[in-house]
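We just call them A, B, C and D in the order they show up, numbering each chain from 1.
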Amino acid sequence: MRFFSDNAAAAHPKVIEAIAEANRLDTAYDGDAWSRRLDGAFSDLFGTEVRALWVTTGTAANCLALAALCPPYGAILCHRDAHIENDEAGAPGFYTGGAKLILLDGEGAKIAPGTVAAACDRIRKDVHQVQPSAISITNATEYGLAYRAAEVAALGEFARQRGLGFHMDGARLANALATTGEDLADVTWRAGVDALSFGFVKNGGLSAEALILFKTELADEIAVRRKRAGHLLSKGRFLAAQILAMLDGDLWRDNARAANAVAQTLAQAAPERLVYPVEANEIFLKVSADEAAGLRSQGFDFYDWAAGEIRLVTSWDQQGEALDRLASAIAAL
Amino acid sequence: MRFFSDNAAAAHPKVIEAIAEANRLDTAYDGDAWSRRLDGAFSDLFGTEVRALWVTTGTAANCLALAALCPPYGAILCHRDAHIENDEAGAPGFYTGGAKLILLDGEGAKIAPGTVAAACDRIRKDVHQVQPSAISITNATEYGLAYRAAEVAALGEFARQRGLGFHMDGARLANALATTGEDLADVTWRAGVDALSFGFVKNGGLSAEALILFKTELADEIAVRRKRAGHLLSKGRFLAAQILAMLDGDLWRDNARAANAVAQTLAQAAPERLVYPVEANEIFLKVSADEAAGLRSQGFDFYDWAAGEIRLVTSWDQQGEALDRLASAIAAL
Amino acid sequence: MRFFSDNAAAAHPKVIEAIAEANRLDTAYDGDAWSRRLDGAFSDLFGTEVRALWVTTGTAANCLALAALCPPYGAILCHRDAHIENDEAGAPGFYTGGAKLILLDGEGAKIAPGTVAAACDRIRKDVHQVQPSAISITNATEYGLAYRAAEVAALGEFARQRGLGFHMDGARLANALATTGEDLADVTWRAGVDALSFGFVKNGGLSAEALILFKTELADEIAVRRKRAGHLLSKGRFLAAQILAMLDGDLWRDNARAANAVAQTLAQAAPERLVYPVEANEIFLKVSADEAAGLRSQGFDFYDWAAGEIRLVTSWDQQGEALDRLASAIAAL
Amino acid sequence: MRFFSDNAAAAHPKVIEAIAEANRLDTAYDGDAWSRRLDGAFSDLFGTEVRALWVTTGTAANCLALAALCPPYGAILCHRDAHIENDEAGAPGFYTGGAKLILLDGEGAKIAPGTVAAACDRIRKDVHQVQPSAISITNATEYGLAYRAAEVAALGEFARQRGLGFHMDGARLANALATTGEDLADVTWRAGVDALSFGFVKNGGLSAEALILFKTELADEIAVRRKRAGHLLSKGRFLAAQILAMLDGDLWRDNARAANAVAQTLAQAAPERLVYPVEANEIFLKVSADEAAGLRSQGFDFYDWAAGEIRLVTSWDQQGEALDRLASAIAAL
């Protein structure tokens, strides 16, 4: 059983069905009936007027947003373990035209106004140093922690005061919300977020993510940048249909809850081994190399993380006997 | 009935089936079983060793190839009506980091060694002028003409002599080959093509194109550039599976033949109105504004092109009564 | 005697003196006493508030301005013989991050509202085509013609109506004004110009050009871009001092008049051979290859231009016997 | 008396003379007699064949070199206090097209093979993480320490083993060599350096730095990039002449020795206050805010650095009574 990544999981059957149903002639690109429903569907979901664009990857969503929020000569403040820094092959540099990432510390890959302010204040206000233009956070973080609405709002308030854009990489936002039970609006636009990469692929989707713009005036520029980056698929209805299927009946919430439940089952098997509280679908465990080898010999796959740590990522469709066996195996370590 | 674009057409049922069948857990990105079959499948198809990468759009395929073939300070020679110049929102400039397109003339959007040479020879060999690095052609062209293998080979030979890279945008290569009956290898790598954007989406695919590298040493760099551009989908097996379905049993050839047959039916309805010979699935007709309005009033949709011209694009799934009605309506103009 | 280029000419002695006088300790970069005088000096000269930044080349001035006026996904409309297209190694693509130059026709390298409008109107207003963001003209043009204030104003009005930025490459603006006798303000900001590359190096300067921003809100961004491009010299006072020397006592006007007078002497030697009216310091003559060889054999150097044409460029310091000999030699062809 | 920066110092009289002497008509750009002497002059100086290009700033020299050594999708390893990271407004991102700087720790702004290796080894060898392409060091460092030839060679050997380019920012290389007494060749090309930004402006020059390419095959590409960046001055002879004047009679060594001597005078006034050994022309002193105010009240200017530290930078022309007064004032603190 594989616990490498929720990226590897299957798509939900309703997503596959939605693709099949969308297989009718319609207008190309994003002029079709499905794509045209996105703005409304997400405006309803968030309780405020938003613009929503489909893209195929979180990297594209993140970097299109960042390119609109940060000029080539600006900087983006983020955690040093952020996906945009470590796992996107330098895509922020490509999309922004060379902007800089300023890397911040913070437990569990969370950043806080204090660390952001300290970094900003170290920068001389002259033309020799790159000035900050935006903040980007990941929620849930790269270590599976969920930002609370109040934490996001504190960053949002700081961003507002300093005139910085504010982006949230929500590849696992659904998982974070399933844990905190907080309101989607509270943790995003009401907290000052300008642009949200709303992840679906890790959560039972197939190939469609949504870029949500609370700062709606960014949408037209980003639509141009999306095309220019080769991300305007000609049969966009197949992406929009996936997203609509995920929204329908709150499937995105159900899937996240299912993945989180799997994570909790594993976490409770050995709570003393947890590196971080489990607030999403990622579990980081203190496990020696020998113990890791033992788990692998029983047929379980996962990543080695830092020395003496392993990472397991759960997904919406992992249940049943194999899961119980893994929980037992962990408990028995 | 809509004749705007083959982009708007449905995907072939076998493509949808392949997606459903690929909906199993596997490795993320392009490490899965489907993606790993692509190099072999295309090497077999072309009769030479190639590297093949999936992407979701022709723009991405074109521009990833061009970025590898042309440095930021170089130039790409292409027809002034080329898709990369007119319909990709400046993506070549984005991907290459600011390289220049040098626009050439040529009947039916074809270019020939003479025009390419003349353009090259106008450029002083100094640091003040941008030096050419690559040639890009579209086959079938933007006006639906098919390059013959000998024409491509003449350009390829010129490219070789001058040390230029050679890229083919084959968004409708299948349609061109269905007309000429020439060999796939003859019109590509044997003719000196380094990189081919092999189109499937317009030809019954859903969201997967293939970038074929005959110059296989480009592949590793392009794989990095693909990730950096946000084009490495996390569930890549759904793209690879589409492509494999299109190759299976030569479905790609069947679909192209079907779309071309529709085009021929329309072309033969009014051969005297044709602006160009119909060698793929695009028909350009001399039709006055009044006549165009008449066709539209009968329920047919298409683009106005130059003054007094309309463009119809056919697809693999257009047959039956509506097609006959359109043919009759054109004949009756 | 060399008539290749005013770039090759000597610097005026007063410019050399100014450099020697500036050789005192002061603040680095552009915080020194000389640099801080530029805004005021040019505001006085133009009769309106401007911001003025020194740079070392016309290419830097042009492209810094264009980068501020045109986003990476935009286009700049210019003549197809413009310096930014032909003689700057693709610098506009580098500075803007990949924006496109749309090339226009026009006699003597001049463009007019009609051609600009036609080019704009050919562009579909969608995300697939690159939308125009700015117009750039060269005055005097690459063929030595001077735009009249009314011509510039017509373009400026068009730019205003369409929301386009408006840049003037004034590498030889001094020469144009020396011919037309028009007012500096009338041909620039009163005509709607946002940014002017005001050339001094071809006109007796040594290494300093001025970028004048009538749209003063661009200045801060451009100051950052200048640093980022490595164009913020650490001892900037040596550049500012050159420019102030050129402004002092209207030396820039005197030098331009001198160079123009040389051009007129040559032009009048064979008025029937002129390809264009001589309105600056460039003369294009219809001269056969044999005739050109004859002139060269008498010790005169110049560029061959189009077939059967030569180009001579005059400078502020060319007078005396050699000039008379060349005039006679041309008359005697 | 100002100790802000050697950037603010005067140019050496011989440099001014050289400019005046170069004020004759010659070929434009870098085709003139002075520019054509650079390759030979530096090849003689280094005892190996090099290519040498003039530029006007260290930022341009650094970033042109880095752009040739690192692709847009690569990374450059440097100290976190490096000039390229902190004081060039993100120019490396602009010139390379978005490459990443990986920031390393190290006492006194020096890096060592161990830290470089650790950083490289943390990077997974996949397309998701940016792979290192080059190392850049500053010599003397930002804290005025001189790399010994053996230290450089150890980094050079590491670079060679890993296939990384190796760049040295030698803005104060002259000062470092004046201290170590080591051989210019030993600390550069014999130690594996590919490209050197050889600084003259801080050392008595006016506006000319030299970019020295030991890896000579980079020169043609860099010449194109220099033009494209607007750094090919049209009257290049005025830059080349400055550099030749600095090389003539080893003026560059004399100036560096003079500046270093000033620094030693100050350092010896309060050796117990030194934050770092003084190995070039920068002195970092532990001085309280009150003490700093006291020095300023006596007419001395300098930068506050970290809390409780000040930085003084000396230059070739600082001698005499004011210097003695400052030394006494420091001693008396």
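Convention: contacts are C-beta pairs under 8 Å (C-beta built on N, C-alpha and C of every residue); 3 or more make two chains touch, one makes a residue touch a chain.
The structure presented is a predicted model; accordingly, all values stated were derived computationally and were not measured.
Student: So which chains count as neighbours of both chain B and chain D?
Tutor: Output, common partners of chain B and chain D: A, C.
Student: Taking each chain's centre as the mean of its CA atoms, which one is farthest from the centre of chain A?
Tutor: C
Student: I'd like to verify one number: the distance from the centre of chain A to the centre of chain D, where each centre is the average of its C-alpha atoms, in whole angstrom.
Tutor: It comes to 42 Å between the two C-alpha centres.
Student: Starting from the mean Cα coordinates of chain A and chain C, work out the distance between those two points in Å.
Tutor: Measuring from centre to centre gives 50 Å for this pair.
Student: Determine the centre-to-centre distance between chain C and chain D, using the mean Cα coordinates as centres, and give it in whole Å.
Tutor: The computed centroid separation for chain C versus chain D comes out at 34 Å.
Student: Mind pulling the chain C residues that touch 2 or more other chains?
Tutor: 72-73, 88-90, 94, 97, 127-128, 224, 227-228, 232
Student: Spell out the residues on chain D that touch chain C in their complex, using ranges where they run on.
Tutor: 2, 4-5, 7-11, 13, 16, 19-20, 23-29, 55-63, 88-91, 94-95, 201-202, 206-207, 224, 227-235, 238-239, 317
Student: Mind listing the chain C positions that touch chain A in their complex?
Tutor: 71-73, 97, 127-128, 131, 221, 223-228, 232
Student: Considering the complex alone, what residue numbers of chain B touch chain C?
Tutor: It comes out as residues 72-73, 75, 86-90, 93-94, 96-100, 127-130.
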